[in-house]
Amino acid sequence: MGKLGRRALVLLVAALSMLVIASCGGDDDDSGGTSGGGGTKGGTLNIDHTSYPDFLDPGLSYTVDGWEALHLAYTGLVTFANGNGDAGTEGAKVVPGLAKEMPKISDDGLTYDFTLRDNLKFSDGTPVKASDFKSSIERLLEQDSQGAGLGYTTIKGGEDFLKTKKGGVPGIVTDDAKGTIKITLSEPRGAFLYELAIPFASVVPGNTPAKNMTKDPPPGTGCYMFKNVELNRSYDLVRNPNFSPSLKGTDVDQCNADQIHVEIDPQTSSQVTKIIRGDLDFMVDNPPPDRVAELKNKYKDRFEQFPTNSTFYFFMNTEAPPFDDLKVRQAVNYAIDVNAINRAQGGVLSPAHTTLPPGVPGYDSSQSDLYPFDLEKAKSLIKESGHEGDDVTVWSNPEPETQRTMEYYADTLNKIGLNAKIKNIPAEEYFVTIGTRKNKPQTGWANWFQDYPHPSDFIDILLNPDNVVDVGNNNYTYNANDKQLAQEINELNKEPELTDDVIKRWGEVDREIQEKAYWGIYGNRKQSTFFSERMDFDNCKGEHAVWTHHWGMFCRK
Amino acid sequence: MLRFTVRRLLNMIFVLWAVSVLTFLIFMVMPGGGDEQAALRIAGRNANEAQIQTVKKEWGLDDPFYVQYADMMKKVFTGDLISYVNQQNVTEEIKRGLPATMSLVIGAGLIWLFFGVLFGVVSAVYAGRFTDRALNVLALIGISLPVFWVGLVLLYYLTDRVALFPPGGYTELVQVRVDWAYHLILPWFALSILFIGFYSRVLRSNILDIENEDYVRTAKAKGLSERRVLIRHTLRNALIPIVTLFGLDFGAALGGGAILTESVFGLQGVGQYASESIGRLDLPPIMGVVLFGAFFIVLLNAIVDIMYAFLDPRIRLQ
Amino acid sequence: MATQPATESDFSLDAAAAVAEQEGSGKQLEGMGPWRLAWRRLKRNRVAMASLAVFFVLVACCVAAPLYAKHIAGRGPTETNATGTIVIDGKKQFVVTPDGTPIGPGLHKEYLLGADPLGRDVMVRLLYGGRNSLFVGFMAAVITAVLAVGFGLLSGYIGGFTDGVITNMFDILWSFPVLLFAIALGTALALGGLHIGPISIQGDSLWIPIVIIGVVYVPYFGRPIRGQVLSLREKEFVDAAVAQGMRSPRIMFGEIMPNLTSTILVFGTLIIANNILLEAALSFLGAGIQPPEPSWGGLISDGVNQIYTAPHLSLVPGIAIVIAVLSLNVFGDGLRDALDPRAKVRLR
């Protein structure tokens, strides 16, 4: 996913051992074992967002904020393991969710067989049927959800249903009596299992209307449920009284606090002050750059930053000269000084030079920086290319950090001999505008936060030449002519499992992309954890590879 | 009198209508606004051509602009205006922001009226002396300060350096009275400074002008004490234009003048909603807040005019 | 400021002359026209003249921005230097620390008023920003004056249907919440620019905020002008002109307008002052002068996120605005006193 402001999903260390915890005092009820030891469970926590989640509807939400809340109330056939709450560097594991166990995948990678656990219930008490999964997927296709293109159209009949909205998705066959689900794909897809674990594929009751249910979220199967939803103001997550017994003790059963009260405060600085005063327990967004120094020094017992799986880069459109010239693109890469940009963003960037962030399989830490900072070399490359003095429009939007970064970028392009001017468009329109082919945006800012920790989520979506379309692009390189790259990526996509060999091949593709200098990569974003005094920072940090923070893992001292 | 009032109210409606047309034109017709953008906005980041067409049909973005205008106006009255960006109901959002905006503007209005008049009278009474000069300097500084900058400076010095006040945000009146006022003190101050300076100078100048006039001299010659002369004759007349000004300024502040203060202090009122919507070029909320603001401005203008006509019969005959 | 001063006393130079007689010794004032009398009075107002001087110095500094950039600061307003170093008091330090904190003001040639997080020189940006902000404020005032006087004259003198149309136009424009209107226009036009017939202005041109600010204040000053024209129209010299067979345009521009001059002059300073404030507000919200062109309001908005660690970024441009506007207001006061000293006279 790549919408502005989405935060990344951090990688996770191996699954932890489940402990059954005796009441540690406080109002702790017996909803089963939880991960992590120590800390007081129960009670109410206060959390702030800077803006309301895009949708409180699992079929529609495509932001990190949204997923961070939704996964607590909705579950898919599979889900991601909880981890131990500390940021890690291994891939997040997919584990059974509503399904009894991991699916049986056929040898040709085209069929997935699932069996639901027994006696599953929604939060309103109604039983979960196998056909509810089918209608949940159909619901998301019927609404033209932004997630539709994520792989659900690979299911047989999915593409047609998306277009015609008639006939359902024949590729999903369910049996309510037996509780079985058989999914048939039209071609093998390695990322599919991950795509079943993200909120888009969560199961909601079959009679949920195919429209935006944010104002009154549908019942779910998570250990929390939504309550008191006040659009644009606040919402609550309270313990699910009808939590399925068969889910107790699984990774889904992770709800330490009794209630989480979430409010909106558009000023991150005010949120920081509230946490310091103890009026707020946790902030979802990063603190503003100018307070980070204060937090690092004064509150290091409850503040830390960890890298997320995100890549921040300057895109260069190969269909818009002078960026069709490799030398120009290489020059730009030599000219970018990551340390300068990091200062402009208050130190929240981890310098990067690979397409894949460190937490995604395929990342190869042995790959050195192909383009170490060298302004003189950049200048001479531009001269060689014959494009000195060319006009370049740098696309940007007025969000303060982006604005500043782009001012730096435009000045840098000028320093190496191009004639750069910034063009600002409103943040809401930014990606839509640069994603429209006929606009021919030469260069500008872009970022991508992982949807799930699989290399295709980055490379296939953002750089596959076959994915260049006329409207709604995520591939701002517009490299439609690079047939070699397309073939390599397509083949890798089909591999159903991430074996060591497959991972190595993805890493080689990453290197090829760097050599072709399609992007001016500059960093991975760091995410902060900042708690109030009463929160247990040492034991219940809740950092998570996919959800950024797993609120169900928070606890008080 | 009745005819005048009716004429005035009809004029009000005409003006509101013209404002709505102007708003619509600005955002529909100017490049950057328009149907294509709106459709893209609603359809979302990864929309394909087919999805955009569907959106256009559903939202009527393909219709000729006068049809869209009529449709939008209808929605304004039935309360069905929906934002292009986040599909929320505009009327609801405005209602939600109303308490904060009302608290800010009404509170600030009372403050600036009181202090403006107070300082104006004091300046006039001590005209030419030190107090007057000092107040004049303060007033001049007051009208030279950018409102949003004052807000920022206050925020920095009084909420962070010295944690005297809360760093922004709005607390409902119903919740805790003291907290409500506590959060509003700085915004009230920031918003009133300009008007206090302005009103005190205008009032002072009016009072002095009137004191010059013959009838006041006559009254003094008749032997009435200076105090009584001041209060009875002078003030009453000097205040009339102030009241006029207040009506207009209050309307303007309610109508959008509070945008900056609300944004800087994070009060989440109608002004802030307006500023965010404009930044996103989101036409339905823009139409909503503009009409909201224009309504108050026009209403207060009309009230002021009607009051004037009531007091001065000559005006009615125009 | 949201309103017009509804009770501006009309500036009658007859009254000025009468008071002048009271003030000075009659002899040396004989033979001096009202304008020279006014000028004398203005000159004697030390505070007002000092204020004017301050304003001129400010303008001069801003005009000299390129010289400052080249010879003293050594960099232009958009040149970044995020990883650079500087020697202060013999110690070498980063212009911007690795976590984004820039150095503050100090007595060094480079970065006299400190740096911003990209290592740009705040003083240079302040001066270039001033050029933009002052230029916009002044040109917008010209537009407002021209339009307000033009419409005021037509409306007040011709009357009838024309008056009705123009007054209604004023009403509509005035009813649009000023700030909202300016922000709305500013944002919409910044995006696509203005393309009407043969006139084509790019979205990031300075003329967009100039036109917007210029137009937005027309009703506020058009109305009192119209009022003054209405009362001037009843005076005898107009009757005389009509009797002489003068045509309307000649009367309007030749006879009536000169009598508006003092009003225009005083309003002029007020308008420029207001425009500077409005432009700052618009640029702060992103609807005025578009980045990367610096402007005072834009500089304040840039510094907002750093208000705790680098307060100079927002404080300095604000102070510049206050100096400019205050000096104009004080001078405006003095100008008004000189042109209509009645306000100064008080009962003893």
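A, B and C are the chain letters, set down in written order, and residue numbers restart from 1 in every chain.
By definition in this document, contacts are C-beta pairs under 8 Å (C-beta built on N, C-alpha and C of every residue); 3 or more make two chains touch, one makes a residue touch a chain.
Here the structure is a predicted model, which means the values were calculated and not measured.
Colleague: Any idea which two chains share the most contacting C-beta pairs?
Modeller: B-C
Colleague: Give me the ID of the chain with the smallest distance between its Cα centroid and the all-protein Cα centroid.
Modeller: Of all chains shown, the one whose C-alpha centre lies nearest the global C-alpha mean is B.
Colleague: Taking the mean of the C-alpha atoms as each chain's centre, how many Å separate chain A from chain B?
Modeller: 42
Colleague: State, to the nearest whole Å, the distance from the C-alpha centre of chain B to the C-alpha centre of chain C.
Modeller: 22
Colleague: As a quick test, compute the distance in whole Å between the mean CA positions of chain A and chain C.
Modeller: Centres of chain A and chain C (C-alpha means) sit 49 Å apart.
Colleague: Mind pulling the residue numbers of chain B that touch at least two other chains?
Modeller: Residues 160, 279, 281.
Colleague: Which parts of chain A, given as residue numbers and ranges, touch two or more other chains?
Modeller: Only 269, 398, 426 qualify.
Colleague: List, in ascending order, every residue of chain C touching at least 2 other chains.
Modeller: Correct list: 187, 191, 286, 304, 307-308.
Colleague: Mind pulling up the chain C residues that touch chain A in the complex?
Modeller: Against chain A, the touching part of chain C is residues 78-80, 82-83, 96-101, 117-119, 187, 190-191, 204, 286, 290-292, 302, 304-310.
Colleague: Considering the complex alone, what residue numbers of chain C touch chain B?
Modeller: 1-3, 5-7, 9, 168, 171-172, 174-181, 183-185, 187-189, 191-193, 195, 203, 273, 277, 280-281, 284-287, 297, 300, 304, 307-308, 311, 314-315, 318, 321-322, 325-326, 329-330, 333, 342-343, 345-347
Colleague: Which residues, counting only chain A, touch chain C once they are in their complex?
Modeller: So the residues of chain A touching chain C come out as 269, 288-294, 296, 337, 339-347, 398, 400, 403-404, 407-408, 410-412, 414, 422-426.
Colleague: So in the complex, the part of chain A that touches chain B is made up of which residues?
Modeller: Going through chain A, the ones touching chain B are 2-3, 52, 54, 62, 144, 146, 149, 163, 212, 231-233, 265-267, 269-270, 273, 398, 426-429, 431-432, 435, 469-472, 474.
Colleague: Contact residues on chain B for chain C in the complex?
Modeller: 11, 14-16, 18-19, 22-23, 26-27, 30-33, 127-128, 140-141, 143-149, 152-153, 155-156, 160, 194, 198, 202, 205-206, 208-209, 211-212, 217, 220, 241, 244-245, 248-249, 252-253, 255-257, 259-260, 263, 274-275, 278-279, 281, 286, 289-290, 293-294, 297-298, 301
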